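Order of writing sets the chain letters: A, B, C, D, E, F, G and H. Residues in each chain are counted from 1.
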Amino acid sequence: LRNGYPEVIFCQGKALPHIQGIVQKMLERGERNILATRASRAVYEAVAEITGEAEYHEDARIVVVRRQPVRLKTEKPVAVVTGGTADIAVAEEAAVTAEVLGNRVERLYDVGVAGLHRLLSNTGVLFSANVVIAVAGMEGALASVVGGLVDKPVIAVPTSVGYGANFGGLSALLSMLNSCASGVSVVNIDNGFGAGYLASMINQM
Amino acid sequence: LRNGYPEVIFCQGKALPHIQGIVQKMLERGERNILATRASRAVYEAVAEITGEAEYHEDARIVVVRRQPVRLKTEKPVAVVTGGTADIAVAEEAAVTAEVLGNRVERLYDVGVAGLHRLLSNTGVLFSANVVIAVAGMEGALASVVGGLVDKPVIAVPTSVGYGANFGGLSALLSMLNSCASGVSVVNIDNGFGAGYLASMINQM
Amino acid sequence: LRNGYPEVIFCQGKALPHIQGIVQKMLERGERNILATRASRAVYEAVAEITGEAEYHEDARIVVVRRQPVRLKTEKPVAVVTGGTADIAVAEEAAVTAEVLGNRVERLYDVGVAGLHRLLSNTGVLFSANVVIAVAGMEGALASVVGGLVDKPVIAVPTSVGYGANFGGLSALLSMLNSCASGVSVVNIDNGFGAGYLASMINQM
Amino acid sequence: LRNGYPEVIFCQGKALPHIQGIVQKMLERGERNILATRASRAVYEAVAEITGEAEYHEDARIVVVRRQPVRLKTEKPVAVVTGGTADIAVAEEAAVTAEVLGNRVERLYDVGVAGLHRLLSNTGVLFSANVVIAVAGMEGALASVVGGLVDKPVIAVPTSVGYGANFGGLSALLSMLNSCASGVSVVNIDNGFGAGYLASMINQM
Amino acid sequence: LRNGYPEVIFCQGKALPHIQGIVQKMLERGERNILATRASRAVYEAVAEITGEAEYHEDARIVVVRRQPVRLKTEKPVAVVTGGTADIAVAEEAAVTAEVLGNRVERLYDVGVAGLHRLLSNTGVLFSANVVIAVAGMEGALASVVGGLVDKPVIAVPTSVGYGANFGGLSALLSMLNSCASGVSVVNIDNGFGAGYLASMINQM
Amino acid sequence: LRNGYPEVIFCQGKALPHIQGIVQKMLERGERNILATRASRAVYEAVAEITGEAEYHEDARIVVVRRQPVRLKTEKPVAVVTGGTADIAVAEEAAVTAEVLGNRVERLYDVGVAGLHRLLSNTGVLFSANVVIAVAGMEGALASVVGGLVDKPVIAVPTSVGYGANFGGLSALLSMLNSCASGVSVVNIDNGFGAGYLASMINQM
Amino acid sequence: LRNGYPEVIFCQGKALPHIQGIVQKMLERGERNILATRASRAVYEAVAEITGEAEYHEDARIVVVRRQPVRLKTEKPVAVVTGGTADIAVAEEAAVTAEVLGNRVERLYDVGVAGLHRLLSNTGVLFSANVVIAVAGMEGALASVVGGLVDKPVIAVPTSVGYGANFGGLSALLSMLNSCASGVSVVNIDNGFGAGYLASMINQM
Amino acid sequence: LRNGYPEVIFCQGKALPHIQGIVQKMLERGERNILATRASRAVYEAVAEITGEAEYHEDARIVVVRRQPVRLKTEKPVAVVTGGTADIAVAEEAAVTAEVLGNRVERLYDVGVAGLHRLLSNTGVLFSANVVIAVAGMEGALASVVGGLVDKPVIAVPTSVGYGANFGGLSALLSMLNSCASGVSVVNIDNGFGAGYLASMINQM
């Protein structure tokens, strides 16, 4: 289990019966909604065998077992932006996590620096957000551009999207760590969950 | 200049007359307090030649030109913790930055995992903080330990303190990025200013 | 065969008939128990074809050909602790190795820094151990935390568990090498066998 | 000597008498202007001892021995842009090189992504340029942003400016290589000369 | 869609229906030829279901939807050279891209430094070219050799061809970045498209 | 102060008055011998100003403040071996640490694999030791050779001795981590203190 | 084709018909024996379809098309030694290459440093050899040990055998490059062919 | 002393009195010429104090104590070639070493790929050599080019000459290891001595 919000399961590398066992115990123990991340469709089906309350967010690769309605804990939105369409899986992991934790989420996808005009003609979403999650692979420049535009915390998520000298996300990671814009911090490569969780924590302060 | 809070000068690698010139222009332009980071004593003296309002924070290597009293913008404290005594320079960069930006700062230094009891017998500071800045070199485990204890945002600052297989801060950086505690995000190696700025931004939301 | 305990076969990358041949020769030559590490179930079945004395430790991926009862060579226990559940395979490789070599082993799993309280409420196992094997992936902070608590040798085993900036175990490896706790040394990433073997050697001094 | 334009001397690591010897030979051999790059003031003085035609471009660390007036070979300008002021030394190496080779150069400095508005309010220089040289350290995002704005070749020059996880220019280098904007290519870290030379070659096609 | 030539689809990692959707929209919107790179035969077949104008360049892994005849925009040729035969896939990606964009392309394959005589007995192609694309894996020396021979821009494309210490193309990449020949710049490992696009841009200036 | 043996000061990067202050406090608090590692002669002189009991081990760069005679806690010797003469500084740091902690230490220096015969004609020291510390830079093969000869724990200390592709000790570090001899574990590059401390801990079990 | 001995085909990553085409052309052109390296059994069968003279060396993954008997060009033997059994594939690539080129080859396998006695009790093979090829993965110490024993050229071949911190052969590669024994040089990771070819060249001088 | 040629001293990092001591002992023990590598002028002067037979090869940074005339052991020449003039120090270390060991040495400097014509118009030296030492920094392409031209062993010496993405010689090292020319092997970065020693060994077979 991850700490902080205990009802989260990281499914990657776990066997289906093992996952079912964990969900079963959580169901017995309590009331809160359960989140299973890095979940394939097979994971969803295994969970659905146990409980009728499971729903699958395919893009996000997340299973939510919805035991109680999600109530917004704040009106202030979290914005999730991506550089390309290939970053959407990671972005959705962040977005769905934030939503389940009670945040309003605004999505702005495929607005990377090669299409800067699309970002600049959608600054409304950025400027009205309370926290921004910037998800990008390849050169990861999006985080710096967004950080330069807004005066709110920017959580940068490097992705492993790319090839060649991106070395599994290293290029975006280093780029984001070296961002010369203020207010930017970074989580692990492809760690959409961590970004969504932290964004929620900040948004509800 | 850095964005966000424009009156900040990064002095590393800048010549003294160049720094004097920038300070001069800022003085002419406005009223806000000026922050010069990575400032040697020689930088301080150069700035003091221009204005009587300069004060030097030696540990933090920061010069503050105090044009107006700093007013607390919130009562909620930011905690700054370090693993060892060698991390204090970076921690002070963060702490002084946050203070100048109007935050109350609580320091808890030299409480790294090799002296875990000292951390555990001072959890009061951690639990009452609204944001925590965790500064550590070598294995950087402090960020994970702190992240596992508190439910507030933790900004992890890897430092270049160490030798051998720390490779200039790489060990602490990777360690912090891979933190399995939730709510932890990371800034560049030795980037105390960035951490203090972001902590202030979050603390005043 | 290698030095130390000659009846050990490293199966990874070896063909089944090749493994059968090695086991056959060992059986003919002597009396001691045989250990086959990195063994899939298929390896187990191939060995079981040759001898009725084979038993499979699935979690540890170890086949033991038990030719004589294992006798405890010392009463003092070796503790094996892990950060997460995904580290258990490596931990079991260490634990089963130490057991077959005649040591009492105490297991304490999933007590990583994100669940520090679980570690702190189980210090009994740590404090009564004569040697501790600390197995962890991701940020590998467990080794430092354990090393800071106990005054006995800590053998740190970084694992390749994680993703993104863990770079195949590099983050945990560097973290453990830079441990600022005294008494910690490190073996190769995922090398449970080496840790179990060394722990046994130290424990029986 | 570098190929292509033979009258260029790379001074770094060469002794003063050695440099004087090379200049002497070039003077005897021909008519063309001589360029000495990575030249300290001491190099300039050593060259000035030999010939009255030496001029020193301090920011660019270039000595030009001007044997004939530089004639513009084309009216079309080369734009040189930088992310920060610390990148100016490399940018000037590029700019002076291009100028000596007969190009009109437009400079646009300190327009990095943290001050994106300054770039966006100066797009005139970019749009009228025939080739753009984008010089940036830290996260190197400038190259992608510029590449996304213009439809002309962009030569990206990563610089070693920064600290921590920039690893001597690696972060900017990887960022630029992974640029998702079309028309961007990259030269070695801090290689202003190479960029200026290539820009001139393209500009005069 | 990205800047530059909007009708390009990067197929790697995209699902077939997703690709079909993008092509469909492009067909509706306009007249220009469509390029789909990193396209398997399955991608070709999926596109061919939608339009009769699709043609497959197998070596280049490119689908071209030819809506209008490609007209040469200039008579000056682009040369594409490779070190080995294994580099041909990347070279063809560059060559077909440049052709579709209206350039005459001359191919000179398998002329790496181990067969230098083959390069030297074919310098005609090099010397008559206006831009050269040099594609090589392993030690990547071809770019330097070509750059030393010609006085035209050389776009170097490192490939991931090789094994062992080539580390996925790193050896060729570093080699090309450090080229001591003037006029050489580098794109990402295996980025044939980027090289073809940039060559076309330069060739049509 | 850290765990384990609290009276140890790591002097690297600490100012002389700071070190004097720490020593002063330790002197007031207790009786045990004090160890100051990474100590220059200037550190020694600063400590000698405070107390007459300071002695300087120049090769080891260690200051010992000897408040009570060191008593052997065990008769069993610790062997310290080095590959070359340049590794002696690190080896002495280990040896003096182990001696101050009450161990008999046998030194065997400059017996690296290029002079294997010297090692093989001195195996007496190795075979009679209870723990072996193997200190080597460059290719670090010594640890494997020693680990293959003895059946006792081998603590491998990679050193930063070497040049070129040793990358600050990386070659020896990786070599030692990959040792195929059993019973070998590794500490940080140049960490003689850590090896001496751990050897003492094991030797006195 | 590789230079030097033109009748060699590197099969990895080549399609079967492509390989058949190359062999066909070679057969038409000449008389010399053909070597196909990195050849799977399927490659062998494809070549056997074309010519009855193909023979398959399974361990070496080499197909030899034997058009004329191999004559020894010298009586002096080349020794090929390996650290473990897993290195045998690479060693055989070297050995078969050297044999086909007319050398007598002595094999000494699985004599790595963890079983040093096996090496020391077989020094006859080493001392009578004219050139030695040392093949080892993991820590690669074998090359240094052999280089320290013999006064003949040692060609070191690092292999990718191992796991964890061997990083695909990097540990053995760096270890061999840093060998402090004289007379050792290194070829690419897993490059048995290159070692066999060079050994033959030296042996026949 | 090391194996091979025992009268060699590696001076880097050794104190002058230490070096004098070693020379003194060698003088007492025997007759052979002594070689001191990585020797500054100060080392030379220290050695000259002890013996009148010392001579200093400044470019090579080698002191030779000539106790007996060097006799050629073979007429066959060793060729030493460099890419640039900055590589000459390393090349001279190789050349002087080979000369002292009794070889005729032909030098061909500054013939790197950027001046390929200079190499091609001097192939006489290459073709008449029995062994070639190729010394190059930056992209290290020289080794491949030379290896492609000659049918004799090529010993490649990467140098740390360069800047930026050469990362202390890594670019040349990787380039040379990946050479697709046959007959090329590699020694450590800047290891001229090792290359000269090995060349001599091969040349005198």
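Here, contacts are C-beta pairs under 8 Å (C-beta built on N, C-alpha and C of every residue); 3 or more make two chains touch, one makes a residue touch a chain.
If you're wondering where the values come from, they're calculated on a predicted model, not measured in any experiment.
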item: Neighbouring chains common to chain G and chain H, by label; value: E, F
item: Option in C-G, G-H or A-D whose residue-number contact pairs overlap E-G by over half; value: C-G
item: Chain C and chain E: spacing of chain centres that average the CA atoms, whole Å; value: 50
item: Between chain E and chain A, distance of the C-alpha-averaged centres to the nearest whole Å; value: 35
item: Multi-chain contact sites of chain G, meaning residues that touch two or more partners; value: 2-3, 114-115, 147-149, 164-167, 170, 173, 177-178, 180-182, 188-189
item: Those chain pairs that satisfy the touch definition; value: A-B, A-C, A-D, A-E, B-C, B-D, B-F, C-F, C-G, D-E, D-H, E-G, E-H, F-G, F-H, G-H
item: Complex interface listing, chain F residues touching chain G; value: 83-84, 112-116, 120, 138-141, 143-145, 147-149, 162, 164-167, 170-172, 174-182
item: Touch list for chain C against partner chain F, complex; value: 2-5, 130, 147-149, 151-153, 155, 173, 177-178, 180-189, 194, 197-198, 201-202, 205
item: Residue ranges of chain A touching chain E (in the complex, touch as defined); value: 85-86, 114-115, 161, 163-167
item: Residue ranges of chain B touching chain D (in the complex, touch as defined); value: 1-3, 12-14, 158, 160, 168-170, 173, 188-191
